[in-house]
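Per-chain residue numbering starts at 1, and chain names A, B, C and D are given in the order in which the chains are listed.
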Amino acid sequence: MTEKRIGVYVCNCGTNIANVVDCDAVAEAAADLPGVVVSRSYKYMCSNPGQEMITQDIRDEQLERVVVAACSPRMHEPTFRRAAETAGLNPYLVQMANIREQCSWVHDAGEMATEKAKDLVRAAVYRVTRHESLERLSVDMCPHTLVLGGGIAGMSAALELADAGKRVYLVERTKALGGNVARVDLTAPYLDSARDMMTDRVTRVIEHPDVSVMLESELEKLEGFVGNFKATISHHSSGEGPPIEVVDVGSVIVCTGYKEFDASRVTHFGYGKLPDVITSFEFEGMLKQGRIEMKDGRLPQYVAIVHCVGSRSEEFHGYCSRVCCMTALKYAHEVKSALPRTYVSDVYVDMHAFGKGCEDFYRRSAEVKTLFLMYGKGDHPVVRRADPGDDCEMLITVDEQLSGEQIELPADLIILMVGMEAREDSEQVTHLVNISQDKDGWFIESHPKLDPVATTTDGVYIAGACQAPKDIPDSVAQARAAAARILGKISRGKLEIDAMFAAVNEDLCSGCRVCNEICPYSAIEFDAETKRSHVISALCKACGACVATCPSAAIEAKHFTDEQIFAEIAGVLA
Amino acid sequence: MATRANPKLIEELEPYGAEDVMKCYHCGNCSAVCPFSADPYVFPRKPMRYLQMGLEDKLKGQLDPWLCYYCGECSDQCPRDAEPGETMMSLRRWLTSKYDWTGISRLFYQSWRWELGAIVLVAILTAIGFTLFGMSQGSLSAYDGPNAFLPSESVHVFDWVLAGVLMVFLLSNAARMWWFTMGRAKDLPTTLGSYIASLWMLPTHFFTQIRYSKCEHKGPWVTHLALMLSYVTMLVLIMFFLTDMASGPAIDWSVHVAGYLATAGLVLATILFLRNRAKKSSAQYRHSHESDWIFLVLILVVALTGILQHILHRSGLDAAANITYIVHLSLVVPMLALEVPFSKWSHLAYRPLAMYLAQVRATALSRARAGGVDPARPGAERHTQVHPI
Amino acid sequence: MSFEPRIVGFLCNWCSYSGADLAGTSRIHYRPNVRVIRVMCSARIDPTFVIKALAEGADGVLVCGCHPGDCHYSEGNYKTMRRMPLLKRMLEDFGIEEERVRLEWVSASEGKRFADIVDDMTERLRALGPSRVKLALAYDAVER
Amino acid sequence: MRIGVYVCRAGDVAGDGVNYESVVHYAANLPQVELVRSTGVMPKLDPEALADEITAEGVDRIVIAGDSPGFFKPAFTRAMVLAGGEPDEVRLASFREHGLGGDPATDRAKAILACAVYGVPFTLAAQPKDTKWNSAALVIGGGIAGIQAALEIADGGKRVYLVERSGTIGGHMAMFDKTFPTLDCAACILTPKMVAVGQHEMIDLLTYSEVESVTGVPGAFKATILRHARRVDEAACVACGLCSDACPVRVPSEFDAGIAERKAIYIPFPQAVPNAYLIDEASCTYVQTNGQKCGACKKKCPKDCIDLDAHGDVVQVEVGSVVVATGYETLDAGRLDRYGYGVHPNVLTALEFERLTNASGPTGGRIVTRTQQYNKRKKADEWVFDPDGPSPKSVAIIHCVGSRDINHNAYCSRVCCMYSLKFAHLVREKLPEAECYEFYIDMRAFGKGYEAFFDRIAEEGTFIVRGRSASVAEHDGQMYVKGEDILSDTLMEFPVDMVLLAVGLVPAARSDELAAMLGIPRDDYGWFTEADYNGDPTGTERGGVYVAGVCQGPKDIPDTVAQASAVAAKALEGAITGRGLQSVGSLTLTDIEERAKSLVPVS
């Protein structure tokens, strides 16, 4: 195998690497490796000058291969590939050695760390020598989108895309659009009408020529890949239309939302046992009906609102459900408005009034004389029946933190602010659209800060409360963000697919079809004529399972060939 | 044992001036900036918390409100305009009405009409009483001498009787204050020794109000002290030197000079206070309860009529002097009879007493803590098992 | 100077490699004896890789993949789970201590776990002493 | 149907430009309106009394109009039910929700009222006509929000003009060390995006520039952009730094939040994009003396790319959409004298600490206290961060500095709790011996993974004290933080060597001018007002102008990025279809009335 002209670039990452690894020594060592014609150490390879250094060398030194020893390839591989590309070098002829996350940041300064860095660089050099130029595939981008869930997030996303003239299939499991927001009367902190917003959205969605609303429907199967999905949707509604429908879509937005925490799982509030202990959603019902009453029809003299039911607790959910505090304050206002002579108390842990206008709202509810009692995180108030002679129905015992007293709070009506939790069908969704869940069941975004709406599966996005608890504005923003991603792709018409995929060498293929079975994406077809298998590149996700399985070593994983990996092994151990 | 919250109490307190306390979200800033707040008396936040939750007994048992001189630092820095200073003030009013077993104080604080009405009534009765008495004694045209309209000896006797009655009220209320704050607290290991050891605080704080000087701005302290000293001087003159005061027409400098100084002090101080309250010049003057106005105005007019009557007497206009004297007395009597035990005046007595008791209690607490138990920290009995339904 | 074992680690791109990266971003220190080779999925790890590594003089080989059920490619790690025991049995017949080859599940959020595994494995191998595989295996046995 | 209209104002909305009398009169003349009542500001409503009135008037739909009528709805709903009416028939006409003070204010109010009377959501009736749309977009502000928005739009193949006031994009995020709660380094996340912006063929990056004016209508805006004289050729400069070495002038570095110095010719930070130096004319001797003195840098420049006499120029661009992402500034801690910022050398603001603890900061990331040193140049003692200086033995972090305080910022700044916890982690990680205190009021750990982060910090041994400490004092060389430890019910004085002030966020300088220029309203605190709090959090009163990130209200990075992408959707819509909606202001009262009459909403 002929020797290639290789450039090695060792990044100091400011002091992140240089403090632990002797970068200059690494660069010098690399200089002596076969084929290496340039070897440099620099403060920030990722910076513009760093990248220019590389592109300059590629041109001046006619480099055929580039090795960058820096941070994790998950961080900057795209950056350096782009740099190589600008200098006319095929991006796949660049290899990174991860000497930061997996070396300088995890080892103490000294010989060992520097030696390890040298080994990793050597491995990269051996490997890159055996790299081949690869071409990205470009496939068509279907301009249609599948939106799962007809709540506020789903409808916002749908309208965003449809207004751009792109077809949307909006699949909703229930009989009606609206989701959880439709169960709400007013929204915090300005007490705007949720009903008006819903009417507006639902009307526009239903009347929009580019939105196909599919009620009482479910996604059964999602095949294909970004830009070219086939979605199988089943309609449960008895009546018009076929029970099963298959639509072509380029992208999928998952907006399946949340379900409220089941208050009966908590014993010490007496929910289900005491008639006048109700959940926030039950109270919304009362508000809509204009009847804030006790079960026996009397008006409550004392209303108590208990925060963090099922949230911020070790027993149930560790996380904060983000919207309950403001909703609770909203209830305080609403009770005071409907029943001016009623006393309202909020039993809370920390008042999460962080949103725009929320702190003002909090102050305002204090001004209308709401009594706030604070209990400790990890502790919980206890509800019991009041004794005969008390002027209330129930008593809430709280270890009140701000006074250090153990307080008995009178209550006639108790509202439990139930938190949000992942829907029980969300695991099923993850398998359908191939995304993952965190330990709480929320869908995982591809990056919490840089890509809060994308997922690890191209073309599948998440928006709204299915990613984590969220209020309406944040859900709408996410929904639009997802729409933006998709519009971006659509407006470019075509999509580039990574060139890393498997390929069958049909001369070696014995047609045993083991690979057909093994491929999780059924990307390998068996050709009855030639008695050989072949890979549908666009479907291949490059896991390489088939490569390792093929008894006759007939399959090659591009960019992860046996030869390349053997070279890498030899490199780290040489 | 859990304490029952009473969301209704705040409504009872509002007439006393506690209108903003519910705004407090307990950042703790006030207690930390207060120059008087120190272990074991951390306020204003803690009393405000008790008030928000309506823990009446806790509040009644508190000396903290009396340890506050209302310099206004807390209110100025409050992030939510919860007016901690004014809340302390309101609590003092409320406590005064709680100490008072007759219930009169409560009426006065809850409605200025009651207070004003009572003052007018007592004034009229006094006027009538003294006029009739005067007629029975001598002639209106004679101020002193054998035919005097109101012989100072008899007025003196009246003064002493009145003083006696007021003392009974004041002392019985003070006794209730002691009972609420100290007597009831069984777990408090107070000793007679500590009561005696701290006794010196009563006169000291009464006469110097030295704690007040810890405020950043000294002005209010000086004025307040001047007013109080003038008042006391006047009280002493009347209780012990009334005859010399009334004698004349020649000016007897040995006593009158004190009288002039006291009068000047009273007039200037009250005018200054009235001006500040009118202009709402700083935090402690921003909110004025009706009782504040009544008290100041009353003192002012008493001083003015007093000095007027004095001048008239010196200038030989006996009849006019006598009439003015009647007016003066009919203002003095309600001022003493109503303000001293039932209204704002009483803080003159309660505050030094509170500081004294606070000292005794603090000594007791430190002893208790040394012994491991801590009655000051209600936390002591927290975490008692509560049984779910 | 004590014996410093050399470990080759094959990590799947989605879980274990991110986990190793996380150990870095969280600055969780561990022994510098491991050399990581990234593959897209643990299912890509051909038994010959392991043999090659041992043959090239590695004292141990660490194979890490997503936890069962978490595989980015849905069931790649199950294949690995079946493959590795077979390989180990074979290697034992070659007289290679089974501790030298280790299969672990490390998720993207388990930086600490990865660090602990490396430390533990390093110490075990140190105790075990250098590998004699080079002699035990004919080099070209695995060359293709 | 008999309709009753009640005009109830929830707040004192003087100056909103709405003529309420005229609105009341208008209401009286709407079809089916039988009863109109004006209850004034903050009325104390008695549902029973209202019920009697409703029964008496036989009203079967109630419309509550006002700035925030929702505050009264429950009273009316109950009254309606008591009167035997339909609770659903209580409708809201919220002037604030739909652009209180929109132009013309009174007509807007009337239109909103009319829609409610007709039982049609205003947003549905007030759909502006669509118009031709220029596919290019102008993004104002080069922080993470601006960067994200620009990339989203440009990746859609549309032209973007990204205007940034300073010499580089990156904004505040570039200054940060780590980001909560994942603790990944900010630079690692941001630099790739910055580089991408610099390299993107669809993005025209205009740094060191400011928008002077924006004219035109949605879909066809003309923007005039003033490009300040950088005095260094952006393209030619290779950032070798020789010029800077030669420059004799030293001024506080903005990027290092003033805790380190830069030269008059400088590069904001090593990874700056564009990666070129620039001259700060305010401090440059040559510029200040009109070329009389200095000019050292020019002589040193090997590529001869410095033009000290260069002048700024003005460029005009035509765009369809404008994205406002101007971000924030931090509150001037000097305004709260009780914390002694500027008096005690070791009282730092959040940004100063970010730089101090940052590996690329002046101490290479070592957390040290300021020490007094003799400065030969200035011939005076000064307090400096010496990389080898002493580490603090105890650090206090004070939350809500100027936030949640009606004397300063009445609002919550949303990020301080979390970045304070992050600081605590960094302190404990770098100085395991040091004690660390957090003084807070409410621990607002609301986001994904935040609560877990909070728990982790607590486990790491940081003392988390409930109670915003009141003051920082110094006696005989030792700083003390005085505060009430509310949960343990005691006053405390903590001796500390370093105090970190979690200063709140305030709108960026000259937001007012920008708002006036673009015709978008701002709230009481100066943040740009979105078109509709829930329904349209990124749109504005002025169609075609969108807001993203903190300039709309404090928010953390994930929420900012989401918003930034969201605005891109709007811009792309116009760009793809070539058409978009005009502003609501383009509709007359009659337009809206007509549409409202004809509409039949689904619900």
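Here, a contact is a pair of C-beta atoms (placed from the backbone, for glycine too) under 8 Å apart; a residue touches a chain by one contact, two chains touch by 3 or more.
Computed from a prediction, not measured in an experiment: that's the story for all the values here.
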Taking each chain's C-alpha mean as its centre, the one farthest from chain D: B
Distance from chain D to chain B - Cα centre to Cα centre, in angstrom: 52
Chain C and chain D, separation of their C-alpha mean positions in angstrom: 48
Cα-centroid distance, chain A relative to chain C, in whole angstrom: 30
Whole-Å gap separating chain B and chain C, where each centre is the average of the chain's CA atoms: 83
Interface hub residues of chain A, defined as touching at least two other chains: 351, 363, 402, 404
Where chain B touches two or more other chains at once, by residue number: 25-26, 46, 80, 377, 379
Overlap residues in chain D, where contacts from two or more other chains coincide: 182, 184, 404, 406, 466, 486, 489
Which pairs of chains touch, using the document's own definition: A-B, A-C, A-D, B-D, C-D
Contact footprint of chain D on chain C as seen in their complex: 25-27
In the complex with chain C, residue positions of chain A that touch it: 72-74, 98, 100-103, 105-108, 112-113, 115-116, 119-120, 123, 431, 434, 436, 456, 500, 518, 520-521, 541-545, 547-549, 553, 557, 560, 562, 565-566, 568-570, 572-574
Residues of chain A that touch chain D when the two form their complex: 14-16, 43-44, 46-49, 51-52, 71, 75-76, 78-79, 82, 86, 160, 163-165, 185-187, 190-204, 206-207, 287-292, 312, 318-320, 322, 333-335, 337-340, 350-360, 363, 376, 401-402, 404, 442, 447-453, 467-468, 472-474, 476-485, 487-492
Touching residues (chain side chain C, partner chain A) in the complex: 4, 6, 8, 14, 17-18, 20-21, 23-25, 27-30, 32, 35-41, 43-49, 52-53, 56-58, 70, 72-76, 79, 83, 115, 144
Of chain D, residues touching chain A in the complex: 44-47, 68, 70-75, 77-81, 87-88, 90-92, 94, 96-97, 121-124, 152-153, 155-158, 179, 182, 184, 188-189, 191-193, 195-196, 198-199, 238-239, 270-271, 273-275, 359-360, 364-365, 404, 406, 410-412, 414, 442-452, 455, 466, 486-487, 489, 523, 527, 530, 533-538, 552-554, 557-559, 561-570, 572-573, 575-577, 601-603
